[in-house]
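In what follows, structures are represented as structure tokens.
In the two complexes that follow, subunit A is the common piece, with subunit B as its partner first and subunit C second.
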Partner chain A sequence: MLVWSRPGRMLIWAVFALLFGVLFLAPLAVILLSSLAEQWNGVLPSGLTIEHYSNVVRGAAWNAVNASLITGFLASALALVSGTWAALALRVQDATLARVLGVLFFIPSAVPSVSVGLGLLVAFSHPPLLLNGTIAIVMVAHFVLISAFTFGNVSAGLARLSPDFEQVASSLGARPAYRLWHVTLPLLAPYLVAAFGLSFALSMGELGATVMVYPPGWVTLPVSIFSLTDRGDVFAGAALTMVLVAVTLVLLLGLERVAGRQTRS
Partner chain B sequence: MSVPAFTGSNVMDVDAAKIRGAGSNVHFDKVSVAYGAHVVLHPLTLDIAPGEILAMIGPSGSGKTTALRAVAGFVRPASGRIRIGATDVTDLPPYERGLGMVVQNYALFPHMRVEDNVAFGLRAQGADKALIGERVKDSLATVGMSGFSKRYPRELSGGQQQRVAIARALAVRPRVLLLDEPLSALDAQIRRNMVEEIAKLHRDLPGLTILYVTHDQTEALTLADKIAIMRDGRVSSHGPTAELYRRPPNRFTAEFLGRANLLPVTVAEGAAGPKGLATAKLGDAVLAGVARGEKPGDKTLLCIRPQHLSLTGDEEHTNRIVGTLREVHWQGELTHLVLDVDGTPVRVSATRLPVSLPERGSAMPLFFTPGDTSLVPEDVRG
Partner chain C sequence: MAEAAVLPASPALRRVPGRFWIVPPAALLALLFFYPLVLIVQQAFLDDSGMANVAEFARVLHARFFLNALLNTITISVAATAGCLIVGLVLGLILAFVPFPGSGVIARLIDTFIALPTFLVTLAFTFLYGSAGMLNAGLMEVFSLRAPPVDFLYSTWGVVLAEVTVYSPFVLRPLLAAFSLVDRGQIEAASVLGARPFRIVRQVILPAAVPALIAGGSLCLLLTVNEFGIVLFIGAKGVITLPLLIYSKAIQESAYQVACIIAVINIALSLGLFGLYRFAAGRMGM
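The block that comes next holds the complex of A and B.
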């Protein structure tokens, strides 16, 4: 601790609690409250109900959860494989080529997601690459947006990996594939899990590009929330938002446990 | 320490080596290594006999690791060939060279138990289960780590990790064991023990050829059959350990190996007598030293080790020089003195001091035996 005096420390804690409360907890609490509100005209809702939840559950909620989970899983898995592959491949290239390709990989994350969506829409609206109106174009959009993160995570992990491990493995007679599978990937595992979790969370919350490209019948959670609130159904939107938060949280906590087991062993 | 029947046998085939448990020789044939335009290893020719421990020592950046990694296959020579036994390995990938390697920070695989670390090489090579089990047991026993097979590396001390790293390298029955500063991450006490254990290991596996890179001269002197001293990417000297220590061929070797005193002298008479002693002049003093073919008038260096300088003369210690006492450092079992002899600092390590030591700044005689000296040519730098 940099601050030693007791009052000083309490003050810092108070400021921290206030900031955290206002910036992080308050919005979440308001959404939670409105998802349970009968009517909300005054300072507080006039009554509580679970009607919005039962409505969304009976309505589009399951389809949206389904679409989001499948999109998130497939896009993240694809991004994990290709990001890892790219990071491993770039490592053996000479430094300048690696840097140029590394920058290329980061371009999608620097471009606004709406532009990525629009770009894909335009690019894939004509044969032979006619993806417009298919589920695949949603996957592609998510993949493009999150692959930079997996690549960045895995590259960071590789950069920290001492070359000694792989060299000792080679000298003991391990061929490249065996070495990759039994040494490099296990040592990278914590970074791979983190990359996968981050991609999944990003994908679960992605709106900008998805809204440009999604086909009917593949409405992800953020898109549903957006259209509900757009129609003025704020309470239902809030209920669905809580579903999104819950699903993402469960997912990340699960992955964290996997990662924890990985690093412990 | 090499097995006599195999000494110098460049033609021994790999299978024979495996059957008899003997190592192979390692031959550097004009091997050079460059990073871009920066030459870090000038054409190096060097042979390590089967079963020999060669210690490669030298200052930081002199190319020791580079030479070792060229044998392992992680550095590609710009020119020259490397042979292990009868095989030219220059173009072979590391995993086909049949070596064991141990690095400074152990590099045990953190996600595997000790036994899986040791089994790694054999599994990678597709050996059968029974053999793996047996070898893992053997190798761990060799390094005294049998009780630790179920542990993870992070549950071991540095010294224990290093033993496991050595066991892992031995389990594949390597033709050559490459050790790159294997003890430098350990503290002094454990390092001394480990040096003794590596010596013991080599007594148990006399056929194993070892390239041992270090910049600790004590490790080199204790373990090595031969020493190669590296300097700026070249071998400055190479020879049997004791001989290199007793008769260093140049100034760099004399100073690097045991911090010898080197007095600039002028040869008066060349070698004479059964002991091959020459006489040389240092100022007014006439000294006898073991010659190396010098001629009268040659300017050379007289090498004398700090522990061979005595503060009292007798019939053996016939050489006498006088210096000015500069510093005295008492270190328990030894006392280190520094004197100034004609402008050259001279170190003395004395086990016993006279009852009264002269004041700092006063003159003091030193005595030594001609047989403990050797004449060393000044370095020709190139």
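The block that comes next holds the complex of A and C.
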């Protein structure tokens, strides 16, 4: 405790409440309120309605939810496999090469997402590698952008893993494939689950690369929210944003619980 | 000597199984990320006939729209990072050293913001501070004004405030990790000896927090230079940044070479900041 006097503490907590309220609480609260608003011309909405939410489960909005979930699932699954694979394979390289490759696997997270989309457009708009105009190019863009995060999470997990278990398994005669499947991967499982949750969440909110490459029939949630608000349909946009927030939180918290249970057992 | 033969060889000679397993993920990344990146650079410096041509590159470099966007990007990034450092430091100091019931939950809640889409905050800001937003409506009602008095949202400062909200958790996270290592006994001793809180912060806590501030701050610089959603959603005509310029040149004007030239500069800037971040994070032992 840094401040001992009661008035001093109260003052400091008031500063905290103000900062937290203005910066973090107010935005979330106001999105929630506007997603329920009928009309909003004064300080508060003139009436509340769930109409914007009931519109979500049909038509274009529902397609956007679907597109985002499918894209997020496939891109995260691929990123999980490739990130785990890369992190495991890096362990047997010599130190210098491992360090250089490690940085290379991280670089996609440092490049602006719009440029990742631009690169895909430039590279894959001609046969034989024609992806432009297909759903696959959206998956690829998401995969590239989140692969660095899965790689980072799994690498961090591997670094914390005690090598004893694997060495014991080896000395008992376990073959590398058996050791990987029955020792290393189960030990890594909490990190894998967390990595999958984070990359799914990042994919759900991805806008910069998607807006560059998406084909007409595959509009993700963020793109759909942007076109709604750009058209002035802000309440529908707010409702879709709440759906996006809810899905993201359920994914993160749900998978965190799964990961926690695995660590305890 | 016969025994030496059964001992494991020196590490350098040891047969390393599976060194080539790195090839599939590396090849996938090379094809989907580095190959497109090379093509962007190539398009930026080659003309249609495939000859090297830096004239177009030089023209864009001197064009007013580019210089404006570059200036905007750097101004926004530096201002937002400064804001993130201040907000992160204030929140972190309170959460770590003047905790209140439930401060742990609040810290985790702020941390969750990292996973939420950045444009959420912009959308919320239009409801809060927009010309027909809550703040303006309230002020107009109370003071019976005819025009909305608060008008910063559709400017550089609107973007900066939104980015401070979105990115200060990236400063808070390493900061709380660093604060958890500060010896509480040292603070209590200083406090008992009559040091005022401000002096304890300056002389005991801040020195321990410097590496975390540098790491968090350089990450904020990188992320704010690359930020796209916030700027797109504010949609102010005067606030164009490099990522937004790439988008509008490529998608709205189909000027791919110009987009590639701007992308090369943006990527170079980002990679420089990435290097700075890795250096800072490495020093912090992250």
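A few comments on the model shown:
By definition in this document, the second predicted complex is superposed on the first by the 247 of 265 C-alpha atoms of A that agree within 3 Å, B and C clash if a C-alpha of one lies under 4 Å from a C-alpha of the other, contacts with A are read in each partner's own complex, and residues count from 1 in each chain.
Following the convention adopted for this analysis, contacts are C-beta pairs under 8 Å (C-beta built on N, C-alpha and C of every residue); 3 or more make two chains touch, one makes a residue touch a chain.
Small disclaimer: the values here were computed from a predicted structure and weren't measured.
In the superposition on chain A, A:Gly21 contacts neither subunit B nor subunit C.
By the touch criterion stated above, A:Phe105 is placed in contact with subunit C alone, subunit B being left untouched. When the two structures are aligned on the shared chain, A:Gly260 is found in touch with neither subunit B nor subunit C.
By the touch criterion stated above, A:Leu187 is placed in contact with subunit B alone, subunit C being left untouched. In the superposed model, A:Gly47 lies in contact with neither subunit B nor subunit C.
After overlaying the two complexes on the shared chain, residue contacts for A:Ala174 are found with subunit B alone; subunit C is out of touch.
Residue contacts after overlaying the shared chain place A:Ala201 against subunit C, while subunit B stays out of touching range.
Taking subunit A as the reference, the larger set of touched residues comes from C, when subunit B and subunit C are compared. Note: no residue of subunit A belongs to the subunit B contact set and to the subunit C contact set alike, using the contact criterion stated above. Those residues of subunit B whose C-beta lies close enough to touch subunit A in the complex are 72-74, 93-101, 103, 105, 107, 109-111, 120-121, 124-125, 152, 168-169, 172, 178.
On subunit A, the positions that touch subunit C within their shared complex are 1-4, 8-9, 12-13, 15-16, 19-20, 23-24, 26-28, 30-31, 33-34, 40-44, 82-83, 85-86, 88-90, 92-93, 101, 103-108, 110-116, 118-124, 140, 143-144, 147, 176, 198, 201-202, 204-205, 207-208, 211-212, 222, 225-226, 229-230, 234, 237-238, 241, 244-245, 248-249, 252.
Residues of subunit C touching subunit A in their complex: 16-19, 21-22, 24-26, 28-29, 32-37, 39-40, 43, 87, 90-91, 93-95, 97-100, 106, 109-110, 112-113, 115-121, 123-128, 132, 134, 137-138, 141, 164-165, 168, 187-188, 191, 197, 200-201, 222, 225-226, 228-229, 232-233, 235, 242-244, 246-247, 250-251, 256, 259-260, 263, 266-267, 270-271, 273-274, 277-278. Those residues of subunit A that touch subunit B in the shared complex are 162, 164-165, 167-175, 178-179, 182-183, 186-187, 189, 265.
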